[in-house]
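Each chain gets a letter, A, B, C and D, in the order it is written, and its residues are counted from 1.
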Amino acid sequence: MAIIVDEKTRVLIQGITGHQGTFHTKEMLRFGTKVVAGVTPGKGGAEVHGVPVFNEVKEAVDETGANTSLVLVPARFAKDAIIEAIDAGIRTIVVITEHIPFHDTIEIVHYARYKKVTMVGPNCPGVASPGKAKVGIFPNHIFREGNIGVASRSGTLTYEIVDSLSREGFGQSTCVGLGGDPVTGLNFVEVLEMFERDEETRAIVMVGEIGGVAEEEAAEYIKDHISKPVFAFIAGRTAPPEKRMGHAGAIISRGRGTAKSKIEALRKAGVAVAEFPDEIAKLIKENT
Amino acid sequence: MAIIVDEKTRVLIQGITGHQGTFHTKEMLRFGTKVVAGVTPGKGGAEVHGVPVFNEVKEAVDETGANTSLVLVPARFAKDAIIEAIDAGIRTIVVITEHIPFHDTIEIVHYARYKKVTMVGPNCPGVASPGKAKVGIFPNHIFREGNIGVASRSGTLTYEIVDSLSREGFGQSTCVGLGGDPVTGLNFVEVLEMFERDEETRAIVMVGEIGGVAEEEAAEYIKDHISKPVFAFIAGRTAPPEKRMGHAGAIISRGRGTAKSKIEALRKAGVAVAEFPDEIAKLIKENT
Amino acid sequence: MKLLEYQGKHLFERYGIPIPRGRVVDSEEEIKDIPLPCVIKAQVTVGGRGKAGLIKEARSEEEARRVATDLLGKRLKDIPVRKLLVEEKVEIDKEIYLSFSIDTSKRAYLLMANSLGGVDIESIPDEKIVKEWINPLIGLQPFNVRRVVERLNVAQRKEIYDIISGMYRIFKDYDCELVEINPLALTREGKLIALDSKIIVNDDALFRHPDLVEEDEGIDPIEREAKQKGIAFVRLDGNIGVIANGAGLTMATLDALKNYGGDAGVFLDLGGTDDVEKVKQAFQLMKKAKPKVILLNLFGGITKCDTVAKGVELVISEEGIECPIVARIKGVNEEEAREILKNAGIEAVENLHEAARLATEFAKR
Amino acid sequence: MKLLEYQGKHLFERYGIPIPRGRVVDSEEEIKDIPLPCVIKAQVTVGGRGKAGLIKEARSEEEARRVATDLLGKRLKDIPVRKLLVEEKVEIDKEIYLSFSIDTSKRAYLLMANSLGGVDIESIPDEKIVKEWINPLIGLQPFNVRRVVERLNVAQRKEIYDIISGMYRIFKDYDCELVEINPLALTREGKLIALDSKIIVNDDALFRHPDLVEEDEGIDPIEREAKQKGIAFVRLDGNIGVIANGAGLTMATLDALKNYGGDAGVFLDLGGTDDVEKVKQAFQLMKKAKPKVILLNLFGGITKCDTVAKGVELVISEEGIECPIVARIKGVNEEEAREILKNAGIEAVENLHEAARLATEFAKR
């Protein structure tokens, strides 16, 4: 099964003709993803690694049956691109773009919900279901097929953790990058719910960060709704307050969003929390 | 069963202290409706026919468990009142108010859908399920319990038709006034779907008018999805084009929305269409 | 409320949409320092000005004054021409149609465009019209405009983009039911200019737009009076005055009349009222329309039957009603109403068929 | 971007929110024709001005000049005071807190209010704060404002209503993360005046607001340079310079250091880059911060390990790096990277534990 993306996923890449678009089209194809179309206004008719490029999403959807979009367009055009995808009937949207104006994001997130579209990101590395499809910018080589569901607010740190899981023999059902912005389409709670329902997933790994209360809310949710074992790593235990640690979302503001509060909440919910990224595999071994 | 309103309906009246509010509170109570609260900003603490009045919808919902709201506030305050009801957790909203600015209505309709709230109206007489609840301004005496579902874009014409049905022995499961505005929360199609699923309803009566294409869309829908017998009356066969016949929605504009096109479409879908309002009961007798 | 062409163009100008140089006049004496050659257009909101000869050209000021004098005396569908718009004549290379309206069935805003402007949009086959639907909660997005501009096949993409954006802002800012430019001209010099404007503002939202002033177009004084009094009054071609309570019931009454060969001359919806005074006003309005017979069709609810009967009695006793009245009374307090009307000399029937038949008979006498 | 108090108040004024009479000066000579008695407030965006003695009163122009001279020489958390706001002193009867911000967990706008303004909102118990959530698709509605005004228990309902509406328009029009008035003073004369302003504009939306100009506050020149170059650089209290790719990984590196007793002095996130030049710039920035040791933690993906190694090599060969470097390299092209670094005299370790331990050791020497 896997969640969000799988063998039925037919990907359209918005911003396919850019440097990133071209590179990741190739990588996704290599992963085995069905990349069926690209969109760049004004570049219709071109091809990128054999993938046809269209001027408009509607056209691309009608011609290729794309059902999932990967958004790589610059921040100031992202809202337009995402609404275009939603109105064209795309059902799952993965937004890689970072620095999208916050008021744009919050409107997009609600509009996607209204239209019952699953939106992942923004400012995220994407979603990958090893053996099925990758819609994102993760390096291909870190994944391995298996039964661990990974949900993460981080980028490279996730790669590191997934890589170490794979090396230790723990393959993944799906790995979801939630994104590092303060507001994202999916939070931990929604993805935990999907993993709980997914038969292929046996255990869940959460990679959290300082900032916001998504991890605390997840802990609350886990207590009542998650029967599968959950493991976590929280980055930023030593981060000072009121400083943005790279991500817009990674900030301890007004005393809220500390790693301490997140780790405590998770432990209270029965989640095993690692001290180092490479400890997660060990914890899984010990606890499953 | 019945649709939209039934014995579980707990009504809150927005604009309860006005002339209309006071009058209809009494009438609804007489009908047997559970009117549990009223709201008029600034009049909190008062009572209308024994019904407590609150300043805010949230307060009223929290204290009384109201789940349905009847909106009687003046047009320019209607948007505010309806959004307040939606945000306070009301699940069904019946909007009687007429002359609501059109751009307000279209936003409200979408917001209600986003929040999965059933909105009836605006500019409608309400919804009544005889023997259970009436949320609206219909005269009480016209109804009789039974198995006919009535959906109507009109006001008094509906009263007349329901009255004649009752006299002829055809009681009603639920009577829904859709409203006379060009855009309404529920159209025929949605209500037909509800009546089809409602076990108590055996036959459906549609009262249509010139303007728009709601009747034509209903005809299309009936062909494929409705197994119960449908009867119709369409007002405005002799109305001239480009003139608003009282309602904002009742206008034949740019050649569309004529009674002829509606009647033809309905007949093609197997619907028996009456020439006079009092003919419907006869048609039902002949066809069921 | 329909704006006159020049009112719409003033809005266009404020929102950055190019319009021809020109000005409004209401007498031939004002025609001075006008652009030449010019187009002189009668300012009325009813359609079909061109066919009716109310749009003319002039090459000199003298000619323009002559044309103006002529136009200012004319009428279109009974509406007198009171203002003229005098504008520079533009050499047209191509005409485009653009509009924002509402798709009531999709419950969305509708942007329509076509590169065969200048004719009525209704006469253009549907597949040749570019349509773009906009969700009201999220509003117009750049991609909506791009999709339309792409299909218009005009080099001035940026300019059209800005014009469409400006139209949308008018549409939203002014609670419009329609904002239409037909045609948007592409001139020989490659410029885009809105040659006409059609804007309909939602009457129910006029309270938000005190800057919009309705022009006195000299419309039917009875309809104007009815509007002021909040009574729905529509003049029709027949000779029977129909009064009922509720728009649907009033329409159904018109239809019933037709079944018996009668033609309504007035549609008058009393609405939901329980006020004798308002009933009186309605009958006074009806009297002014001079019908051959009045057909009163009542289904009493909020509007109680006896209240209406009292209103009728009052008008009869105070000022009289010359034509016969056929009354069909049902619902709340119908017995009392019958009694009151009987005393005023009117026999009420209980059946719409009977009432329609009777009224038609009176009308044909 | 945080606006200075006076910048925020200029916005307030434009949106109809009352502010005290006053003006901004950047030297004591400008203090002339000021309202008296007055309050003189240092214009810095860091908090705690009051406690730090950077808000003073004066009763004469002479006193005001003396205070100004004194304040203009001071610093708060290393930020020099460069501008002063001189305002009329207001007699306060009651203080109110008002703000619009974002509830990231409810994904809604959040309007907060409290009638115990003047103190930090964080110090007020949660149940005493009035909160109202606003859905972004439908926006602020009158009932939201009424609910808040109702609970503030102030007679000036209409005035507060207008102030809240104005704040919301600023919040939306300027893409704000926060619009706060603390306190909104109710004066003895019954007037409402915004005594302070705190506005944070979303950096990612600044391109839409060319009218907002960031004041040169004299912040850390290295942080400024990093910002211009698009590198995430945060100065911390320790002496170990941490460079990693990705914010999460960089934070995890900081945390690992702490496990071994080490303290980071710089957080530097290379981000996703495969450009030798950008790596070079990052190391040059790091050098300026003069750490005792640099800890490089790399997980190669888009940012390839050898690219980073080449950048490091370039800096060493061209200008040298004085402090030791501990490198932990994993991922795409890690072998090549190890080789390049080895040739430049740096031994890479494969394990974060080992790297953190080693870096801490160097830092303590």
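In the analysis below, a contact is a pair of C-beta atoms (placed from the backbone, for glycine too) under 8 Å apart; a residue touches a chain by one contact, two chains touch by 3 or more.
The structure displayed is predicted, hence computed values, not measured ones.
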item: Smallest count of steps, each to a touching chain, taking chain A to chain B; value: 1
item: Distance-maximising chain from chain B - centres being C-alpha averages; value: D
item: Which of B-D and A-D has more C-beta contact pairs; value: A-D
item: Geometric centre distance via CA averages, chain C-chain B, whole Å; value: 27
item: Chain A-chain C separation of Cα centroids, rounded to whole Å; value: 54
item: Interface hub residues of chain A, defined as touching at least two other chains; value: 107, 110-111, 114
item: Numbers and ranges of chain D residues touching at least 2 other chains; value: 135, 137-138
item: Graph class of chain-chain contacts, one of line, ring, star, complete, other; value: complete
item: Of chain B, residues touching chain C in the complex; value: 75-76, 99-104, 106-107, 109-111, 114, 137-139, 141-142, 152-160, 163, 180, 182-183, 187, 207, 209-210, 212-214, 217, 233, 235-240, 243-250, 254-255, 259, 275-278
item: Residues of chain B defined as touching chain A within the complex; value: 110, 113-114
item: Complex interface listing, chain C residues touching chain A; value: 133, 135, 137-138, 141-143, 146-147, 150
item: Contact footprint of chain A on chain D as seen in their complex; value: 102, 104-105, 107-109, 122, 135-137, 172, 175, 177, 202-205, 207-208, 232, 234, 236-237, 244-252, 254-259, 264, 267, 269, 271-272, 299-303, 330-332, 351-353
item: Residue numbers on chain B that touch chain D, as the complex places them; value: 41, 55-58, 77, 79-81, 83-84, 87, 107, 111, 114
